[in-house]
Amino acid sequence: MTWNRKQIAARVAQDIPDGAYVNLGIGIPTMVADHVPAGRELVLHTENGMLGMGRAAAADEVDVDLINAGKVYVVEEPGASYFHHADSFALIRGGHLSYCVMGAYQVGQNGDLANWRTDDDDVIPGVGGAMDLAVGARHVFVAMDLFSRSGVCKIVPTCTYPLTAPGCVERVYTDWGVFRPLGDHVEIVELADGVDAAELRARGGGVFG
Amino acid sequence: MTWNRKQIAARVAQDIPDGAYVNLGIGIPTMVADHVPAGRELVLHTENGMLGMGRAAAADEVDVDLINAGKVYVVEEPGASYFHHADSFALIRGGHLSYCVMGAYQVGQNGDLANWRTDDDDVIPGVGGAMDLAVGARHVFVAMDLFSRSGVCKIVPTCTYPLTAPGCVERVYTDWGVFRPLGDHVEIVELADGVDAAELRARGGGVFG
Amino acid sequence: MDKVMASAAAAVADVGSGSTVMVSGFGPPGQPEALVTALLESGATDLTIINNNAGAGGVAISALFAAKRVRKVVCSFPKAIESTIFDDLYRAGELELELVPQGTLAERIRAGSAGIPAFYTPTGYGTQLAEGKETMVIDGRPCVLERALRADVALIRAHRADPSGNLVYRKTARNFGPIMAGAATTTVAEVGGIVALGALDPEHVVTPGALVHRIVVGADTGPTTGAV
Amino acid sequence: MDKVMASAAAAVADVGSGSTVMVSGFGPPGQPEALVTALLESGATDLTIINNNAGAGGVAISALFAAKRVRKVVCSFPKAIESTIFDDLYRAGELELELVPQGTLAERIRAGSAGIPAFYTPTGYGTQLAEGKETMVIDGRPCVLERALRADVALIRAHRADPSGNLVYRKTARNFGPIMAGAATTTVAEVGGIVALGALDPEHVVTPGALVHRIVVGADTGPTTGAV
């Protein structure tokens, strides 16, 4: 049985220590906040100028001036702070965020990250803060489904999509398990219960050894 | 009769328009604030992180956390603001101060400014914010005595002391009058009443034409 | 010193066709709606817009795109879920796009206001977005040289102003306002309200008045927390 | 998350000899007196100090110089009217001096915290202080390439902290604190008092807690204005 999205998010949360400053991307990464183990405290950063971001706002809590980078209304945690966009990215680029968790189109076995555009020229490109986070956060985690909808493995020998940043990905959390890019291959850190390692290797184009 | 220090300061103040953001150096420049013509408002900047700086504090107004760049206790004007040192120099370097007024050891006829060290190697050098102000303020005025204590003219064909910045000085306000460096010579904008232009030219080493 | 103007129209009347215009905002928070609406109504065209989202989240800025007043956009994320205006113009070749990583965009704007003409950053190195840019390895890390961004006018949104232009912001509506202030020849601030000179605590001022040239009152978005 | 430490001695105990130490302050305001005193008492020596005034205005930092614990100083203005300690050591060849224009010093420190490894500035071009540095003419203006400054530890002074390290400052004591925060491997803040988590208005926090690793309570210098 592969992991569902909640299980992937929970597995990421296990690996983020107490007291970490964390930026969570859209999708599975956002769900990490809901699966932090008891007794552990993470401080969430959002690119648009806030530390101490809380959960999504309920209807009666919405403040039109308080959104996260995914444009969702959120609430403040005690100890929150606001700052402008250059200071927000100074936190990112300066190495002051311990972890960021992002989605990806492709991850190379050498840790290359491709998550801002594919080879589909019909899609308008947009990069947002992905490149800054990829080079700036001290630990870059990717959370995604291992295979694309058409069944192609997204951990690849060499990224064919345009790079977000070279060699930045430390771990990849997927429905099939947890992986670590090591350069010439990808280490299998952990597999979801009942997942077939032989099938994984067969579908992985050689990256899993 | 040459002008005294107050008269020099008053003459500078005449040339700074209403609403200007101004940084005043130590000495005669500081006195400019006391001679602003009626109906004119200047907003004073101090390098150590404040706009809207007021006058020197009376004994019973001293706040140990409120000093100016000359380390004198000062007071706040209504509309003041505090900011950190990088933001303070962003105001300077970014051209957001309309005027700065500084002292000088030498001013070249080409507008070169030398005001941070002489050729006396026994003096410990210190530059402070002089270089930043010289390149950053939109208008750089110098206020000084025209002649050194030993009688040497401080407006010179070529600065012999180490430069603060090349070609930055717009006007020089002195006890003898007001001057404008034009490159190959210095224009006499105005002379103090009764000052002898011939004597000035004779003592000026050719810079006044 | 009173920088408050009678109307948004008056505040942008001298923004000519061909101008480069910074517009604050990230999503709806921080969009200077009244100023951008006035810019649209002024008829100015052939504009270059510097804005993180190329109009996503701002009603007025989307209208500016729809009216074909924009020649070029400098932004990090032009995609808007709720609108295809940008996409259609871009595909039709009617819009030039300079795509910049968001942190590099913010730092380039900050550099424009701070008088830093260029800086090196590791962001973007080895990617399409750094193609053709100068690079340098600094302390073992490859970096890209990025230039300061400046504009003819910056249209920003703040929460409160005093008449001298001191500004405070509200929550995540702060975003690009404080760094666009001063990064243009003229900075115009749209605010939710004006307070008396001296009413803002000098410790809490985010943008000092020296960076703001004109003030216009727009819609108010919510209450002030703490002291004004 | 509670970053408050029991004593200044504990907060600087791991600052070894040979360390590079940033110290905030411009004149007396903003000097972290308790932390620098603890550093002196720790016996650490062969230090490089990054501080605007090379000790002028700070009793503790002057004592550090007098005790010959400092090998090198990076500063803009080493002259102190009230003291000849620096002068004597410098003339005796016992101190190395790197003189930096004050705005360049501040921007290099800010760059160190912001992950900008180098930047160009017009400041200093054509002067002794730019000799040997790379230059580039940008938009017709000659500029000097300046590198980010980082340290092993930053000792800064603020007015109030919450336990997570959010800081507010007081008047011109703010100076170098907010930019030194994060420009070192470890940032230690000395404050006049601790307030509860949530007591600082998120709009008024100047230094977010992510930049501060340790907090120590020192002397209080005056009351808080406005909301805490």
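A few points about this structure:
In this document, chain identifiers A, B, C and D correspond to the written order of the chains, with residue numbering beginning at 1 in each.
The rule is short, and it goes like this: a residue touches a chain if its C-beta (ideal position, glycine included) is under 8 Å from a C-beta of that chain, and two chains touch if they have at least 3 such contacts.
Owing to the predicted nature of the structure, the values given are computational and were not obtained by experimental measurement.
Simply put, of A-D and A-C, more C-beta pairs touch at A-C.
In this assembly, A is the chain whose CA centroid lies farthest from the centroid of chain B.
If each chain is reduced to the centroid of its CA atoms, chain A and chain D end up 35 Å from each other.
In this assembly, the C-alpha centroid of chain A lies 54 Å from the C-alpha centroid of chain B.
Remark: chain A and chain C have CA centroids separated by 28 Å (rounded to whole angstrom).
If you average the CA atoms of chain C and of chain D, the two centres end up 32 Å from each other.
Among all residues of chain B, those that touch two or more other chains are 50, 82-83, 86, 89-90, 92-93, 136. Residue positions 107, 110, 114-116, 121-122, 169-171, 202-203 of chain C are each in touch with at least two other chains. Looking at which chains touch one another, you get A-C, A-D, B-C, B-D, C-D.
Only residues 46-50, 63-69, 71, 82-86, 88-90, 92-93, 122, 124-132, 135-136, 162-166 of chain A touch chain C when the two sit together in their complex.
Within the complex formed with chain C, the chain D residues making contact are 107, 111, 114-122, 136, 138-139, 141, 143, 147, 168-171, 201-204, 225-227. Interface residues of chain D facing chain B in the complex, by the touch rule stated above, are 26-30, 52, 57, 76-79, 86-87, 90-91, 99-104, 106-107, 109-110, 121-129, 169-179, 206, 221-222. Chain B makes touch with chain C in their complex at residues 18-19, 21, 41, 43, 45, 50-52, 76, 78-83, 86, 89-97, 136. On the side of chain C, the complex with chain B involves touching residues 1, 110, 112-116, 162, 164, 166, 182, 197-198, 200, 202-203, 205, 208-211.
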